[in-house]
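Okay, so chain A shows up in both of these, paired with chain B first and chain C after.
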Partner chain A sequence: MRRWFRLRVRASRLATYSSFVAETLGGGLTAAAAVLSALAFLFALFLAPAGAPFSGLFALLFLTNVGYSAIALSGASAMVSDLRGSAQVFLSQPLSRTIYALAWLVALLASMIAVFSALLLSLAVIDPGLLGTLSLGTALAWLLDSALLSLLLLAAALLLRRTSVLVITWAAVEFGVSLLFFSEQLAQAVVVLRPLYGVLSRGGAVDTPVLAGSALLAAALLALLYWLARARLEV
Partner chain B sequence: MIVFEGVVKRYGATEALKGATFTVPKGVVAGLLGPNGAGKTTTIKIAAGLLRRDGGRVSVLGLDPWEQGEELRERVGVLHERPAYPPDVPVKVLLRHLAKIRGLDWEDALRAARLAGVERYLDHTTSSLSRGYLQRLGLAIALLGEPELLLLDEPTANLDPSARREVLAAIKTLGEEMGATIVISSHIIPEMEQVCSYAVIINGGVALAQGSLTDLATALGAEVEFVARSREPRRLASLLISEEGVRSVEVEGDRVVARAGSRVRQRVEALLEEARARGLAASWDVRSRSLGEVYEKVVQASR
Partner chain C sequence: MLRLLGYALMAAACMALLVMLLAASSSGITTLSSYIYGGITLRASAYRGQSLLMLFEPQHFFPAMGSTHVEGFTSALDVELRHTQRVTLELVLFSPTSANLTQPAPVTSVLLENLTLRDLSCYMFDRRTYRSRVEPLLDMAAGDWFAYDLLERALGLAASEVKGVADPAGGYRVTLQVGNETVALCALGFDASSAHVVFSNGTRTPPEVFFASLRSAAIQPGVSRPPPYLTLNVELRAYLLFKPTAMQVVRALALLAAGAVLVALDVLLTGSPPFLFLHKLRRILRRRGT
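On to the complex of A and B.
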């Protein structure tokens, strides 16, 4: 009973702090997610007369993925600023270090889901038939790809607390890893980190083991984030 | 209430705490005193569970601050030396969110804002507040939920004299009204003398001395002050001034204040006890107003 009560209290604190992050600290997150959603709608509208060819859908997935990666970078940078500033005010409250870090992750993932939902909604509004061109595997690849980047950036933010390191990490994942896809052998080595690129480079064919590998990598990064927050987060 | 045993904290090659050992009992207003760089802020942060110790044992309210920080901070309020608040956030929004994290409602947040004297600035953004009001906001945040223990790191730092007086008066009132244990870190000894009843003197990462101000003054041969109430204050004053070792006696209404070296403390106490038994003194107390002297003696002895 007591354990259940504490769990409820923690869930409530996580919700309170992540909403504060989304509303204020990472205030740009919500605005950027809204702008990106509007852009996705306009782009989808532009593609619709062409009868939604695969390449058009892929371009839309790519655009929103890159757009979200910029949001993730700005969110992780806001976390770095917070760790150097107001984090001590929040961590002086009954907020555990792990809940603090998870709240930032929740705020980022909420933006990610908002962007992806807006993409789906745009397709549905323009032509519900367009939704049929998006397979579940491709959708999962988009979500896993974006979640992996968020986790990686937040772990880097907690570990190194430098915006410059975040930008380098972001550029390496966004551009460096993408360049490796030009070589088939190297692509196989890094595809679990960029499952969306794996799907796009294979013309829409979803490789289930790759998605499973990406999910495992996401779980490992989540465990790393949890450990960093629990053992290393000092303010 | 607070126990530090051989606590070590390193920042890279620098050792900020080198085996600090001290205790702070329940119900006191304790001054954590020491020069800049003595390890005061590190001590406060370790006690609040914001920094991990590298060695030793820490217990605050019976809990390990680093491992059980969330439970501990449900009962502790912290004011940081230079608190950084999220910019452009209205005070009201910040207080509401922090109160919600503590499971409190807006009325509780408003009460804390009133106690700290920041209620007129609820609609202002944090970046528009003066240094003094930022400090008051920090105090309001520390007071949320009326905690059992307040950890205040340099609460009067960077304030003008009138703001310093106001913040000190607020702390004094809080100690008396809330009955909370308060730990204040500072290097401004005259201010600490006004509010503290207990002191831990820290320098170079080790606790050099600790105890009630009176006990410290007695142990170090500093001056102590006896305050007695009497219906015949002048008669009591003449009795006290005739005692060898009593340096001065003042009468203020029914109060008699005598100052003496701590070497004669026991004799004066015996005299006052005898006066009370005869009905000449209604009550009496001993206190120290020589924290500066104590501090200097302790720091000099450590050199």
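On to the complex of A and C.
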């Protein structure tokens, strides 16, 4: 009973603090997600009817993914600023170090889900039949790809606490890794980090082992984030 | 967190309603477009008296045209023909002698100068009618420059005709709405009475002599591939036109309502002001004000 009560209190704190991050601390995460969602409708309108079988949908997924990566970078940069500024205040009781780090992750993942939901619902507004062209595997690849980038950026923010390093990490993942897809052998090595690019480069074919590998990598990065929060956030 | 999702849905819905309002208040919004400018491959061509009739299928250049099944979208095609006096035809010169039959037919270009563009009309056919009745006539006329009557008969089977509008520069322009089951065929009419025919080797000849020689064994255009190819100032622009349907507007309103409900729910649960995320903007504005 006591354990259940403690868990509920922690969940409540996590929800409250992640809302605070999304709306005030996170560099305008809510506003940025809303702007990207509005753009997602425009992208959907202009791209979804294009091409056969669904090259327009590929472009749509790619553009929203790039847009979300910019939001993730801005959120992680805001975390670096916070760690250098007022974080010490929040890291005193009752907010724990892990809840602090997880709140930033939850805020980023919530904006990711908001953008993706807006994208799906935009397609449904235009024509519900368009949803049928998006497979579950492709949707999972988009979500895993964005989640991996968020985890990586937050881990880098906790570890190095420098915005310039964050920008370099973001550019390396966003552009450097993408360049490796030009080589088939190198692509196989990095496809776990960018599952969406793997799906797009294979013309929409979803490789389930790659998705499973990406999920494992996400779990490993989450564990790393947890460990970094405990080891690097001393008050 | 609910309000983050709510605002995202509301933003997408607002954008959707704005775009739909714009599209409904105008003749529609053009989304995708592609262009072809310059030369086109002819489906058939014929000469009678002083008139030259050339037919082409604009959809041949945009295979995806008319294939969209997305709600609210229709395929449209602009055909614009600039003022033109010079037309280059790529012809196959074919001498059906026993010696030449085994050799590939030489291709030459023939320049028709001083032509006068008389009209541009596009004809719309039902796909089934086109396949079963029009295509056989066009195939029969393809190799015969004197099959004018066949072409006229083919055009007579059209479901509708769209006449090109002449512009002050001497060109013609026509816009077609192409559905999934529609085939378009455009006809260019030229007055060749004062034309000059110039072969690629520099030989000049009057048009009636040229067209008479086409019937002879010496030159038989279209007997083998490629078909006559026409170089003139033609511009084809295919695009998708978006006009919202009532159901799309209803769905956008439902999305807006869903977003508003999520935001309201979050405000009720947390008690924080609904536009808290604008506090930074407000702070910046306040700083500038002071």
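What we mean here is this: the second predicted complex is superposed on the first by the 227 of 235 C-alpha atoms of A that agree within 3 Å, B and C clash if a C-alpha of one lies under 4 Å from a C-alpha of the other, contacts with A are read in each partner's own complex, and residues count from 1 in each chain.
As a working rule, a contact is a pair of C-beta atoms (placed from the backbone, for glycine too) under 8 Å apart; a residue touches a chain by one contact, two chains touch by 3 or more.
Bear in mind that the values here come from a model prediction, so they are computed numbers and not experimental data.
If you put the two complexes together on chain A, you find that chain B and chain C both fit without a clash. By the touch criterion defined above, A:F41 reaches chain C but does not reach chain B.
For chain A, the partner with contacts to more residues, out of chain B and chain C, is C.
Once the two complexes are overlaid on the shared chain, A:L121 sits against chain C while remaining clear of chain B. When the two complexes are overlaid on their common chain A, residue A:R13 makes contact with chain B while staying clear of chain C.
In the superposed model, A:Q185 makes contact with neither chain B nor chain C.
Contacts of A:A22 after superposition on the shared chain: chain C is touched, whereas chain B is not. Computed from Cα centres after superposition, the angle at chain A between chain B and chain C reads 150 degrees (steps of 10). In the superposition on chain A, A:S111 contacts chain C only, with no contact to chain B. Between chain B and chain C, the shortest distance over C-alpha atoms in the superposed arrangement works out to 5 Å. Within chain A, the residues touching chain B in one complex and chain C in the other are 16, 24.
Across the interface of their complex, chain C is touched by residues 15-16, 18-19, 22-24, 28-31, 33-42, 45-46, 48-52, 106-107, 110-111, 113-115, 117-119, 121-122, 124-127, 129-130 of chain A. Interface of chain C with chain A (complex): residues 1, 3-5, 7-16, 19, 29, 31-32, 64, 67-73, 240, 242, 248, 251-252, 255, 270, 272, 276-280. Remark: chain A residues 9-10, 12-13, 16-17, 20, 24-25, 82, 84-86, 88-97, 99, 234-235 touch chain B in the complex.
Those residues of chain B whose C-beta lies close enough to touch chain A in the complex are 45, 48, 50-52, 69-71, 73-74, 77-78, 80, 83-86, 89, 93, 97-98, 100-103, 138, 141-142, 144.
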